[in-house]
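Think of it as A, B, C, D and E in the order they're written, each chain with its own count starting at 1.
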Amino acid sequence: EDIMDRILQRGELRVGVQTQGEPVSFIDKNGDRTGLAIDLVTMMAKDLNVKLVIQDYDWKGLIPALLADKFDIIAADMTPTPERTAALLFSKPFFYQDTIAFTAKDKPFTKWEDLNTAGVSVGGTQGGTYIVAIKEFMPNATAKEFASGPASAQAVASGRVDAGVSSVSNVAAYSTSFDNLKVLDGVITREPLAFATRKENIQLKFWMDNYIDLITADRKLDRLLDYWWNTTAWEKDHK
Amino acid sequence: MIGQFLDFLGADLAHYWKIAAAVMPALLKGFVETLKLALVGILWGSFLGGTLGILRGQHIRVATPLIGAYLHLLRGTPFLVQLYVIYFVLPNTGYSWLQWDSQTAAFVSLGIYTSSYVTEIVSGAIRAIPRGQWEGAFALGFNRLKTLRLIILPQSIGLILPALGGVYVTLIKATSIVSVVGIVELMRQADISIVRFPGDILYIYFLAGALYFAFCFPVLMIVGRLEERSKNGRMVRA
Amino acid sequence: MDGPGGIDLSAAIAAPGQSPGAISIDIKSVKKRYPATANSAGIVALDDVSLTVKSGEVVVIIGPSGSGKSTLLRTINALEKIDSGTIVVNGDVVTNKATDLPAFRSKVGMVFQHFNLFLHKTAMENVILPQVAVKRRSRAEAEANAGKFLAKVGMLERANNYPSQLSGGQQQRVAIARALAMNPQVMLFDEATSALDPETVGGVLDLMRELAGEGMTMVVVTHEMHFAREVADRVVFMDAGAIVEMGTPEQVFRNAQSERTRKFLSLVG
Amino acid sequence: MDGPGGIDLSAAIAAPGQSPGAISIDIKSVKKRYPATANSAGIVALDDVSLTVKSGEVVVIIGPSGSGKSTLLRTINALEKIDSGTIVVNGDVVTNKATDLPAFRSKVGMVFQHFNLFLHKTAMENVILPQVAVKRRSRAEAEANAGKFLAKVGMLERANNYPSQLSGGQQQRVAIARALAMNPQVMLFDEATSALDPETVGGVLDLMRELAGEGMTMVVVTHEMHFAREVADRVVFMDAGAIVEMGTPEQVFRNAQSERTRKFLSLVG
Amino acid sequence: MGGVVEDFVSAIQSAYNFRIVGQYVDEFARGIGHTVTAAASALVLSLVFGLALALMRISGRRFLSHPAAAYIQIIRSTPLLLQIYIVYFGLPAVFPSMGRLPEIFLGIIALTMHTGAYMAEIIRSGLLSVPSGQREGAIAVGMTTFQQYRYVILPQGIVNIIPALLGQTAILIKDTSLLSLITVFDLVSAGMLLNSDRVRPNEAFLTIAAIYFVIYLLVLFLSRLVEDRLAGRGWRVPA
């Protein structure tokens, strides 16, 4: 029996998310879960005529839960790396996110390449691709893995590490919260974001690919990106 | 950190007030969830641990080593992994009755985890009661169960309660791990709130800490009182 | 003894169907071995011991430390399992697996060297609890009984004290009241006075003397030779797990047959 | 006593500068009150007690339970603080705050009713430890000494047993060896035999008798009237925190002045 | 026959792939190193610190016992996570020279402060469990207070609480995983790295569990050794 049949029979699309931050997936001022990824899966469920069921997991639990069939797809900032793609099926990327670096205002660095120096410590989030980026693009610096993005930002702000690496959107949020942070010039890497599902759910993967093609074609995706990403329009509704 | 506190005393009171107002509802919701988890863990863990502890306190040939293995296995592995096995691995065994939702899995694993500590405490306390108390009761015609219920347990309770207090507050650490199976308790609510206000990470953890304190402190106080009572009162031994 | 001693115990003693002179305790060829453990070699604590006690009789067991006196006494109410032999007490075959031991033990009173009062209960409650829990008496009846026996041993005034608030002699008297309140057919005493200071020993011995006088069947392990001489109907001398000498106090103390007995008596007397 | 007793103790006894007959222990007007607690009223344990003990003298203290015998003995080596009065032992003013109590106590041997051997050490190590830790003797010297005194008390064969593997009498003999190995100027015994069974009491009393014979200054609390009569140079009878009677054994046992003493002796004798 | 064995091996390999775990040997070794270092140092330090607190509590002097009691109560009433963050972000703010101490060092301080409070309560009960006669025996032979503890009270008291100390040590070993919050790469971090790189939760979680369990068994074995040594071949015969 195919996964799509099961979703239709159940009448539920079960989605696993994590709370990685604005504007991809977060809890807004009203206590509602929202963000770009959430809007996307909401649209998917609506177009399938099924109910959307969202389950929130800690990063440690997200992959095991998907593999144990607790839900159908992961809608989080999960990058389809070659290793992961060997174990999961990813949809086409629906979005590319820039990875950048930030530091404290009193630090002498101006562009991210300055960080690639022996003795410089750079913080990122555990198990995330930011750490991979630090190790790959700043081999001379020391990578420090924090449990969460905010912890790494706090560490930069309080001088525990020299700089941090995160997504453009996260860094934007950190710079408004800490008044002594600055963004370093240059984009370190671009991360594609995609939905993931279990290996055997082949039809669901194709369905998602097709769906992304469709909403690209009819520009619904562009409108969403304009709202969530290219402008700050979302802030007055949710912040 | 100290700087933050100085700010707190100074100009930024309004800022902290705003953050507290924004995150407290979520934290309180998480706190209720944490209390629920702790309570279930305490009840199940005490019941299961009490039963196993009583059995282990008796020197029964097969039960004692078996319970010992149970206890060491649970104490030797992290709660995170126990939870993982119960929620993610057991369902793959194919028995439908092992397919628990995250709430049930969390309750079951917290209960089992707590029981491993309670077992040790109860069996230790029972063994600490002088043999003469058993013999005195046997000689009067008490059977094993009656002796336990009327003589041994009432006397060991003074040893059990203080130690239980320690376990109950340690259990709190475990409740913060169940977010792995998708339960949003206090620590998870704090983490989610921090994503909204990344600049106030310490302050938000501090607020969460205050809520934990509101659970732990009374538990330890009550236990301390009970300990004092069992010392001062009638239980003075020669 | 400082309490009033005027209450008659005959109600507590006259066990149904036990006419004085009938055999009350019958111990036949009992063997008991403590197996070796990591720290100690195995030991034969009782080596083919036989003894009968008649109803109303007072048998006193004496002997050196480690000779098996306590072990023998404790086998009578099955606190120790034996390896072979039989023990019958007033018709109950103690050594029979089918025997309901708790029910049987409730008919045998035992008094220990270290009293073994329930530490979390007052003197009064120590006497009430077994009556209610084991004999299923009503609380009112148990209380009345407890009052009676505590008065008997002179402990009524201190009925509300916890064991830790009583002297050794006082605790031992409560322990005796607790045993008596169960209306035992037989009383067993294991060095009931050796944890007491010399002045209070007297009171407890007086109480035991009084019980004996009222016709209670008693087996008493003691180091008090005066008491043995004066109160015993029969004296048993044990050594190394065996009964070496047995007879009237006169026979054992004046005219012991074995060298071992004479040596022991010379050291202790 | 079953061990060889032929070792001379004079080395352990002759305290420098203590000629026989000089005052060794001088207790003057000592008062001691245990304050009231939640569970008990306050009690005057020692009420203006004075007593001198000469070097080489054996003083035996008798009296009913709770009369203050232990308290008096324990004040001599400052195990109990006193409220007023002075105590001087061989020139050390025990009641002076400046006195180095540990150093002083190492010159006084004390033997307890419950032995208080270190449970986690063998008999041998019990005797060695205080010599090394307190007297700072070399291990070799301490071992030689320990062997000597264990032999003296007849416990050399069991030197490697833990206290829990020894009978009461054996433990008490080790405790005496432990005290003697410190070369004390004075020995204090608090009911050294009352936790022992009657047969083993003899051995320990023999050992104390021997010590007395060799000229050790001793203060002995005991319930053994035979021993008091035979060994004491002086007998002290205490009641309710006060010394009621004091004199030679003859005077106290045959010819007690006070009614209380006579009553006590009639009950215990 | 061979077929059956192969089937069995491949069934196991699909549930737990040794080859993949083998590729992370270096990471696990690094994680074990940090976990063991942190746990062992914090164990020793918290025993010393706990002993000091316990002695203060039973000293009978208010100016010692009250602060100790308050400290113990407060530490036990607040989450370890908060204590770790306070030490990590707070300590360097007070002592700037500590700003660049290795994270594991600060982690050990935090674990010691936390575990010390629990150890204190256990040690206190152990000290109180030594019969008063033992102390009197020591006093009477002229031991100073220090010698009484050193030679008599501590050796005996510790034997009584070895099971409780073992239990607390088991908790401590697992608590070291919280140091990953402040970038210490521990055993759990190694597992989580495998989990997010390779999407193989079984390999991650079960390996962690097995290694922790081995460490625990070693500690259990050590505690038996200590018990045997202190308890000498059976001085503790039940009364």
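Note that a contact is a pair of C-beta atoms (placed from the backbone, for glycine too) under 8 Å apart; a residue touches a chain by one contact, two chains touch by 3 or more.
Quick caveat: nothing in here was measured; it's all calculated off a predicted structure.
K.L.:
Of all chain pairs, which one counts the most C-beta contacts?
P.N.:
The chain pair sharing the largest number of C-beta contacts is B-E.
K.L.:
Quick one: point me to the chain whose Cα centre is farthest from that of chain E.
P.N.:
C
K.L.:
How many Å are there between the centre of chain A and the centre of chain B, using C-alpha atoms for each centre?
P.N.:
Chain A and chain B have C-alpha centres separated by 35 Å.
K.L.:
If you average the Cα atoms of chain D and of chain E to get two centres, how far apart are those centres in Å?
P.N.:
One centre to the other, that is 46 Å.
K.L.:
Check each residue of chain D and list the ones that touch at least two other chains.
P.N.:
39, 165
K.L.:
Specify, in ascending order, the residues of chain E that touch 2 or more different other chains.
P.N.:
89, 93, 201, 205, 233-234, 237 - these are the residues of chain E that touch more than one other chain.
K.L.:
Spell out, as numbers or ranges, the residues of chain B touching 2 or more other chains.
P.N.:
1, 80, 84, 88-89, 201-202, 236
K.L.:
Any idea which chain A residues touch chain B in the complex?
P.N.:
Touching chain B: residues 16, 19-22, 26-27, 29, 31, 55-58, 60-61, 64-65, 67-70, 148-151, 153-154, 157-158, 173-174, 177-178 of chain A.
K.L.:
List the residues on chain D that touch chain E in their complex, please.
P.N.:
Listed in rising order, the residues of chain D that touch chain E are 77, 79, 102-108, 110, 112, 114-122, 129-130, 133-134, 162-165, 175, 178-179, 182.
K.L.:
Considering only the defined contacts, which chain B positions touch chain C in the complex?
P.N.:
132-133, 135-143, 146, 150-151, 154-155, 234-238
K.L.:
Going by the contact rule set out above, which residues of chain C touch chain D in the complex?
P.N.:
39, 64-66, 165, 167, 194, 197-200, 202, 223, 264, 267-268
K.L.:
Using the touch definition from the top, list the residues of chain E that touch chain B in their complex.
P.N.:
73, 76-82, 85-86, 89-90, 93-94, 118, 121, 125, 163-164, 167, 170-171, 174-175, 177, 188, 201-202, 205-206, 208-209, 212-213, 215-217, 220, 238-239
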